[in-house]
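Each structure below is given as structure tokens.
Next come two complexes built around chain A: one with chain B, the other with chain C.
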Partner chain A sequence: MTGFGDTLHAEWTKFRTVPGWVLGVLAAAAGIVAFGLLPGIGGSCGTSACPTLIGPDGTEVRDSFTFVHQPLAGDGSITVRVAALKSAVPWAKAGLIVKDGTTRGSTYAAVMVTGDHGVRLQYDYTHDIGGPAVGAPRWLRLTRAGNTVTAAESADGIRWTGVDHAQLPGLPATAEVGLFVTSPEFVAEIRQGLAAGTDSGPSRATGTFDHLTLEGGWRGAAWRSDPVGDAAAGAADGGSGLERDGDAWRVTGAGDIAPSVAGGAGVGVTVTQTLTGTFVGLILVVVVATMFVTAEYRRGLIRTTFAADPGRVRVLAAKATVLGAVTFGVGLVAAAVVVFAGRRVLRAGGVYVHPAALPTELRIVAGTAALLAVAAVMALGVGALLRRGVTAVTTAIVVIVLPYLLAVAVLSGAAASWLLRVSPAAAFALQQAARQYPQVDNSYRPADGYFPLPGWAGLAVLTGWAALAFAAAALLTSRRDA
Partner chain B sequence: MRSALHAEWTKFRTNPGWPALLVAIVVGTAGVSAAADGCTGGACTADLPRLSLTGVQLGQAVVALLAVLVMGNEYSSGLAAVTYAAVPRRLRVLAAKAVVVAVVVAAASIVAVGGSLAVGNWLLPAHHLVPRTAVGAVLYLVLIALLALGATTAVRNPAAASGIVLALLYAAPILTMVVSDPTWAKRLQQAEPVSAGLAVLATTGDQPIGPWKGLGVLALWALASLLVGATFLVRRDA
Partner chain C sequence: MISVSGLRKRFGSTVALDGMTFSVRPGQVTGFVGPNGAGKSTTMRVVVGLDAPDAGEALVGGRPYRSLRHPMRHLGSLLDAAALQPSRTARNHLLWIAHSQGLGGGRVDEVLDQVGLGAVGRRRAGGFSLGMRQRLGIAAALLGDPPALMLDEPFNGMDPEGIIWIRGLLRELASQGRAVLVSSHLMGELQDTADHVVIAGRGRIIADANVAELLATVAGGRVTVRSAEPGAAAVLAGAGGSITPGGTGAFTVGGLAAEEVVAVLNRHGVPFSEVAGHRATLEDAYLELTRDAVEYRAATPGPVAS
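And then the complex of A and B:
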């Protein structure tokens, strides 16, 4: 009788003395690192566009719009009617804004009419509160009292309804307040050949305002029209700015006041995309893991193994432990190299990598390692079930790897997101680095690093599959002849 | 040559696993195609003839598995020594195997592709038959099988061979996708067997390479793989 420790030792010796397996696992790590540091990897950035702005709470933001403003000292309010909003995109915005000067990335609160998403209160880039789902014409009011900015809206300018309020701790005593118009890029999914892609381009919106009234600490300064950020580029071809026509103000703008995102509508790559090599690593790990058990059947070694240790489930458990530990360790090192050192290499090569918080980076590194380890255990189960190397390797790759390929490169939309919910490839969600913002239109596709499940749920799906394969393997191995 | 062919055909048809594999080629291809047909929404309607052949992505793995087994079984069972004793001209053995694999895979692929297109016609009202994609899909699967046969002859270990072939089938298209430089991405897609070969299935959009040229690239890969396999086969011990 032997203990689990002896079995473990035996399996570890088997693993480390087969050069092909050790090389296979090392090649998996090399693949992850090599493709992570590839200078040609997606989204190299121009000179002006990146690095992007940082907002008040440390997130990356975009801040470009046409701003018609004057200073407001202390408390006060501004009321206007948005008579019309001419726009081509759902998230075109026209409304009132209070902001810490005209510096990009500074704190703000705005109430607006949007192209297709009703009246909204947005502040400090990441916060978005929906009001009634109606478009222009609409009356809007923004009131500042201390650090609190309150938004209200009305259909007729008589009966007012509060939208919500925002706390802006960083707002100075004298803020710039006024009208703004902006319009983000349109994003459309296109499909070319094997790869699905996105098409995007600038758009422009014109908002017509009237019935402008002011109350409170206004100094009576003249209205100034300034393009903030990229809107300046639009101004060059006469596409942005202010036209006054009696009581009416026609403001044209382009850009967005929102969090900055990677993907079709954004610049640069996310940490997720630098880990594309995981896919190669996964294939190698699956092959090695499957062969770790099928080779014993091929050579007849399995009879010796089971003669030496009749506890067959224990043998399988020892194999799973060895494989899990080895692949987790190797995956951890490779992913850490890509995430922490790779970013510097890529940035030196002119590729903008969106920064992620340290906990997110640690989750991605540990998640990549866990993905490889659990997939290895699943492949081991498939190998023990099928016993024949070729069949088992093919089955394991088809079950674990093919769904990811289909979801990322072949299918799109609902089919892709369904696959990434139910198949073992769901665990790739552990690598998601960027947040998905409903108030920013973007192609949130798996290929851009956005997954339908949260990371832990994705890992749970893969673990479920692995547990199923392992349990079936354990049951069959004990029941049938070696 | 005829006796070698007869021997290989006998080996193939008496292998108890082959009906299951052929069924897997047909069911896998048609099944995945049908599942893809079932998806709705704007993105799915772009290229219906290609969508109805999505199952080729799975079918190619089974086809490769079949080809790997045809050569791999010789080495995993020790049959190779007997085979080469009976037919000392080893290239003849490889040629006979290539013919058997090509014929069997072509037959299974015709059924699989036909089934996929029939399901597509039934599920997608706007679907229309493009003869080029149908013929191209069958040729693609045959060439993938020959590529796998050559790789297995070179590597001999069937499990390792299937790993290598599947890595080529599934990793290569993903990795060419992440290259951002459009010139290089296009060059890689033109040179890499899967993206180039599958261009034959597309009827819309800007393809990296023409449909028949793409199949030609894949054919070159298959030929190169068979040549490498043949070189190893002749030079080394069985």
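And then the complex of A and C:
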């Protein structure tokens, strides 16, 4: 494109010389920052009351269960039959565990029967490997050899099948090994009219074990029953602990050994929630971007523009470049302020904010900027297509911003998920801070900061829409009389 | 130089351009005249590539406008003085146009001074009167120092001082060797300004003539005679004049120059109180030339779009 530099220069001059547009973009940034920094929600977590629990790989974890254990020095194995698991939730767990002491957050590997997810090997909180999809009664065996822990399961205690094995590099020579039971919160989505929310609460499970046998470096110490973590609270009302009845062991527990999540079943919020002001910024950006072209049609100025530069696609491309660059820059600054300062405000207000790794935070900041920039280009395309300001602004907001608001505040489940897959609002996925774990039941709703698409895919959806709008605008603008 | 040949354009069922053909020569002010709806503005939009003609072509310096890299350095145009972003200052309005042509702010200040807006350049263009907007539009047309200019109705909204200024400017631009095309729906506005006129009606050219020649043909020597002597008209008719009766004791003689009328009357001893020769105006010429077109239009339904 010859002369693109001059066209770009002209469009930049146009943009910066209309005070309303400059103020509009600055207001977009202010909206994002204001929502992020004004403490809209309070919480009961002081900085010390909700301490962070970090797993071996640095992930935030939960570690609460009832642990019936004794030390195992060196290698050895433990075998048991889970005769029954009485539980109310699909992810109730009863089985065998080898762990670095009773310290919360320490390295572990466990084989278990679950309420509704079959036999599983889990280790170090984030790892989850499925075995046969059967429940109790089931025979389980855990074998330690060096840093390798191997899990096996059997229907009859005779024919054994390996589940898988785990490498635990941090496991000390003497580990605590034994039975465990735990049961996470139940989660249910509730709807009242148009409002959607979640209901959740604690649950409790009781596992009945028998045929307990030990091999290897056991010292013959007595079995101890300890509530680990939150299970201590349950123990106080007699709901958790150990009852022995001859050969049978009845263990009751509550909590979870799993990654910590935000949302209905979890604790606190993620960085994503600090950026709820993005939709306000997006509305303003969409309005300014649309008017950047419709104002010229309204005033007849578009004829001066095309007389000064007959390359109409080049003009549109220059407008898109200016809008994209301006909104990206403004979005970058606003999102960075919110992400790095907003969580301090929330924490000061007693809200627990899950920390995110620096690369994740950078992706969220750059992603928010990209969301605004690509949406601005799309709005420009809509403006050039429709030419009339009110029509174009309304259309752009309905197409770009409304799906997000519907998905977050009104719709739930499949409808919200569908909207965030196919609509331009899919790019909000760039703001997701937390990982979604299949082994943790939670309300993974957009309102909780969970999106159905990965960030890059969400951006691709928005970019597709923007490319479509821009291409249609370019084609039509080239063909019709100005 | 601007040349337009065989332009045809329809808007729906309306014929806007119907074989429009003319050219604008350097060193001259060419008036582009015609009633509203004659196709003047459409022709100008086609010249700068805003509208695509159904047939024919328009060239600026021998090239299609849309192929020019910095077109406003080749042809400066004012199409619609009201086309402004109201909240942008006059100077900034010119600045973005300058940037689009690879020019800088210095040139903007030059043209602002040239059109007399130097003092108000930092004011919002939305507050400008139509006359000031016309000056701003002319400044934009002058930005690229182009060899050709095309101004659509630049006299609209101008006060008398502004009209005098524009006439002077147009003369000056032509004297610098530029090709200048100025449209107007009022022929009188071009009096003493245009060297050449192109008269449009119903989407095509009715007349394309040098102003001096045009005036000569139309003028033809009409003379008003006022005389109490009843035989005066007969005497002049006998000398070859065509008589048109006027008011009391007055009539108009065609076909004889004023000096001839006086000589004939004197020779026959006819007393008279007044012999006045008319200087033909462009308005007269225009009315004469468009009479047929106007009558034709009046008899035919279907107006012509602008």
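Quick note on the criterion: the second predicted complex is superposed on the first by the 467 of 482 C-alpha atoms of A that agree within 3 Å, B and C clash if a C-alpha of one lies under 4 Å from a C-alpha of the other, contacts with A are read in each partner's own complex, and residues count from 1 in each chain.
Just so it is clear, a contact is a pair of C-beta atoms (placed from the backbone, for glycine too) under 8 Å apart; a residue touches a chain by one contact, two chains touch by 3 or more.
Not measured: the values here are computed from a predicted model.
Steric overlap between chain B and chain C is absent once the structures are superposed on chain A; the two fit side by side. Of the two partner chains, both chain B and chain C are touched by A:G20.
Of the two partners chain B and chain C, more residues of chain A are touched by B. Shared-chain residue A:A295: touches chain B and chain C both. In the superposed model, A:A414 lies in contact with chain B only, and not with chain C. Once chain A of one complex is fitted onto chain A of the other, the partner contacts of A:L406 are limited to chain B, with no touch recorded for chain C.
Legend: residue contacts after superposition of the two complexes on their common chain; A:G130 is shown touching neither chain B nor chain C.
Of the two partner chains, neither chain B nor chain C is touched by A:G157. Applying the stated contact rule after C-alpha superposition, one finds that A:A10 touches chain C and leaves chain B untouched.
Legend: residue contacts after superposition of the two complexes on their common chain; A:F306 is shown touching chain C, with no touch to chain B. In the superposition on chain A, A:G118 makes contact with neither chain B nor chain C.
After superposing both complexes on chain A, the closest C-alpha pair between chain B and chain C lies 12 Å apart. Residues 20, 295 of chain A lie in contact with chain B in one complex and with chain C in the other.
Remark: chain C residues 45, 48-52, 65-66, 68-72, 77, 79-80, 82-89, 92-93, 95-97, 99-102, 140 touch chain A in the complex. Across the complex, chain A is touched by residues 32, 35-36, 38-44, 46-47, 54, 57-58, 61-62, 64-65, 68-69, 72, 76, 157-163, 166-167, 170-171, 173-175, 177-181, 184-185, 189, 194-195, 198-199, 202, 205-208 of chain B. Chain A contributes residues 20, 35, 38, 40-44, 189-196, 273, 276-277, 279-280, 283-284, 286-287, 290-291, 294-295, 298, 351, 389-394, 397-398, 401-402, 405-406, 408-415, 447 to its touches with chain B in the complex.
Considering their complex, residues 2-3, 6-7, 9-14, 17-20, 295-296, 299-301, 303-310, 481-482 of chain A touch chain C.
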